[in-house]
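Okay, so chain A shows up in both of these, paired with chain B first and chain C after.
== the complex of A and B ==
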């Protein structure tokens, strides 16, 4: 056994515990600073030297983010784009993942490797042509102008994850469906899908996170105030001379809470996604 | 209704011909299933191709043309290699490439070492590992723009907490984001804070899956902790680490959000990554030809990286037991 039994005070104070505490502090201190600063009065965010607690305590920054700035609009846009993309990715990804995982197709291997390469391709490589295309068809500053590229960039990873789960489903289950006379789509829906549910959670949470945090394409395609998503909105809060950090941090906290809760609930699936061989940042 | 008609049809067929096996021949079935497979994959593959493959090809074409921006759009005015010529001879591109590579190498190494340390500690943690995992995932799931704003505030010269701490330690008031080297270090720290936990989770998952009997044997032989780590744990972890490194490196070539928000590529051009250079050329200077050339060069570098590590890909595909 690698883990020896610890006795006496070593049970409470030892290298493992100390290192764990250091790790926790390493992660939490910047987050604490984000939250504490967001809860200060707007002007005292710029105090020098800074006060180390949220004093004077105030919710003014939160109010300012929604009233003084249009953070509510950005939040709504992020929700719409993220949810629509995730739904599309899961539907298209399930069908493709099922086919590439379980059906006898020639060129399956090549397709999968190409998908893997595409999933690490830098978005900047497609930026200019996509921008020109979207301008020509009038998709700049629209929801579909982000949903379509987000879907395309998140599909390869989703297909991989779902395919891996589909591979693990016993063949007999599928054949039962076929003997019962169910059509192909119905087999996927009633027999395969429930089995692949963990894969759907994993693919879904990764897609959600990627859409929620994406910046480059959102900045390029949707820069009008009515269609900005959260990252672009937060980056643009700053004026020319004064950066309203209080407002930025209040908006940041509001933007981090939903994704934080989701990741906490689905942490098992995130970890399994990170480690099922397909690693993505 | 359908059942009756199909039954009567079968009996009619039976009168004319001797008994045929009711199941279609396997290879016909295979063909049908393959067609169905492509049908199922088609929507996804079409979307992916439309948004990634065609634009990449178009990017390459654009980079090989004289692009003139006109009032209503732009036009391609004949083949030229001048965009790439410009690239190779411009110090901007070389500097951006150097910065991107340098930044990638340092952050990936630090993240890997720190992440492995954290993973080794967490593996020995008996209680609360699930909560630690959730905590580690928090920086990973955060919007990079927020990370950038937070650290820019921390590094701020007048009211930043880093300045207050450094001057309290008697280190004076260094200008962090306004001087090249400290700005680069500042960016790296922000990146390391966000990504180390992610690396730790991957390594931890690799650690948990290692076979236990090897360690029992090592302990019986009286191997020290260090020896066990260097000679057993690390070699066994190599596939996990290789895959993580590969994805991190490829991903880092697209580095944009953090320096764009935190330093804007400055001071000067000292933190200008390839992606920022391409973005500025395309959308700030509207020089589509050179911009496309920068973007294409980034894509080619990533593609070369992919080809170089195709063996890792193959191992991965193979592992799933196709």
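== the complex of A and C ==
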């Protein structure tokens, strides 16, 4: 077999690098197209042949999303619903994860399996009964009408992540805390939780993303303009005879920003959070 | 400053496992007590019961004379150093050391002064702002010590604190832990499975096996006068040579395989109890250093063995030999690999470095018969009196 050493740029050509580049392009090109198109003048978005850069450059689409449509309201609604859900999921998930991961109790395994089943339950199956329930208790077109089911659907996964993360923390941490004189809550708050932060970030980001992009329930429960979230709001852009692609693109870019920022800040934690507990428990 | 007293302490786990059986030990104020035994002997469980991390099934634990069975770890005023140190990874060295004081709501200036004092004792002053992850194993170990001493507890508990260090550092830290303990003068319970650590560090040593107390004594007494075959085999490195043997009529001599060793009159008068074993089987123990090479024309009792391995340590030779007697292995005294390596009639002798001997030789050892130890075959107890 010939084993000639590749020199110059040739040495960068191998299967791994090529497939990496193809994968990255596969993800980046639509994203680029989204951003570039959002920055074009509204009427030139659909030009043929298309212009590959944002020319002619314009912020008109962004202005239109916020002024022409109520994107500001949708953004606010999404923020409220998502943040409230994430906070609830993290608080409950931390306590449940701690209990399931570190406290001696009966029925842990059963609880975990039930949680897993719930987390893979298709949302569409419970949509109709939930709608009736929400209507009866008057929660249609409200924030809590989304926050509660979102919490229910995201909590199991968060508990699993947090429980796995907590499993990896040595039990001596609590024992040494007890000897030092820390009570149960103090131990969780000052000793365990800081060490579980990566798990918390991971669970938080997953929950945030899921709520931020949820469409089905948001569409079904909240159809008043004042309570619409971003995915539903964007889908309703335009009317019978026109689809304002430029405005939709601009709104989508704005909608992506929070998730982008979150992932960028916490990317290290997310990776470590996902891999921890991989060999234990 | 306090004493610790364990009275008939038992630990039975929910699954029925009886980890500690009727353990009674008294630890004096300022004493360095080592709990030693093979893994699974209940020594860590005993320590955790003293700490309050494990419930006591029955028996009474007293700390400073006061019953402590139902007290929380905090109320017992103890400090514990764990095998893996259990440092808080998100806190700096200073925060780690000061955490317990912070929980006691000590004013900040006092807290800082105490942390600094502890850091001075341990040579950690330059590292106070580091996180544990940035420290070496030895430094982490010292932080763990610092966290314990800063609280000025009445009892120190240490669970194999040196076992994660490499061999050289371990020897160094052994001395350091002792130095700190002497300086602070607090009663200390130190758990280890390493009998060398036990021998070198303890004022007294408690030997446990399968949850049962074997002997409590000073290291030298354990070595010289073990109460039973297990202690005889467990304490000492290389391990003691223990063989099945038979005393002849009148206990005048000892049959060791095909060899007969005369017991001088002096030995028999010193150990009158041997007379009752005349004509019976016994277990004899000979320390490796009590088997020097026989000089030409040796008149005293001797032992002849076939040399199969020689370890030259520079200062001495460790000669491994076999004889045709049955070697006694006390269960659990040696770890598995050691026990497998020890053949039927294996023995070890420590002889002078310049002794002319090579593998395959038939070598004659002089027996230091005064120091020979005798045990009952049935009970395994030392034959005394």
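The rule we apply is simple: the second predicted complex is superposed on the first by the 240 of 281 C-alpha atoms of A that agree within 3 Å, B and C clash if a C-alpha of one lies under 4 Å from a C-alpha of the other, contacts with A are read in each partner's own complex, and residues count from 1 in each chain.
The criterion applied here is as follows: a contact is a pair of C-beta atoms (placed from the backbone, for glycine too) under 8 Å apart; a residue touches a chain by one contact, two chains touch by 3 or more.
Everything quoted here is computed from the prediction, not taken from an experiment.
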### Task
Quick one: classify A:110 as touching chain B (first), chain C (second), both or neither.
neither
* To do: Please indicate which partner A:209 is in contact with in the superposed arrangement: first for chain B, second for chain C, both, or neither.
  => first
Touch test for A:194: chain B only (first), chain C only (second), both, or neither? second
Which of the two partners, first being chain B and second being chain C, lies in contact with A:231: first, second, both, or neither? first
Chain A contact check, chain B vs chain C, more residues touched by chain B
Both chain B and chain C touch chain A at residues none
Per the touch rule above, chain C residues touching chain A in the complex are 51-53, 72-74, 78-80, 82, 84, 86, 88-90, 99-100, 103-104, 147, 151
In their shared complex, chain A is touched by residues of chain B numbered 30, 33-34, 36-41, 43-45, 47-48, 50-56, 58-59, 62, 73-74, 117-118, 121-126, 130, 132-146, 148-154, 158-161, 163-164, 193, 195, 197-198, 201-202, 205-206, 212, 215-216, 219, 243-244, 247-248, 250-251, 253-254, 256-257, 260-261, 274-275, 278-279, 282-283, 288, 291-292, 295-296, 298-299, 302-303, 306, 310, 313-314, 316-317, 319-322
Counting only contacts in the complex, chain A reaches chain B at residues 1-3, 15-16, 19-20, 23-24, 26-28, 30-31, 33-34, 37, 45-50, 92-93, 95-96, 98-100, 103-106, 108-109, 111-113, 115-118, 120-133, 135-136, 148-149, 151-153, 155-156, 159, 163-164, 167, 184, 209, 212-213, 215-216, 220, 230-232, 234-235, 243, 245, 248-249, 252, 255-256, 259-260, 262-264, 267, 270-271, 274-275, 277-281
Chain A contacts chain C in the complex at 170, 172-173, 175-176, 178-182, 186, 191, 194-195
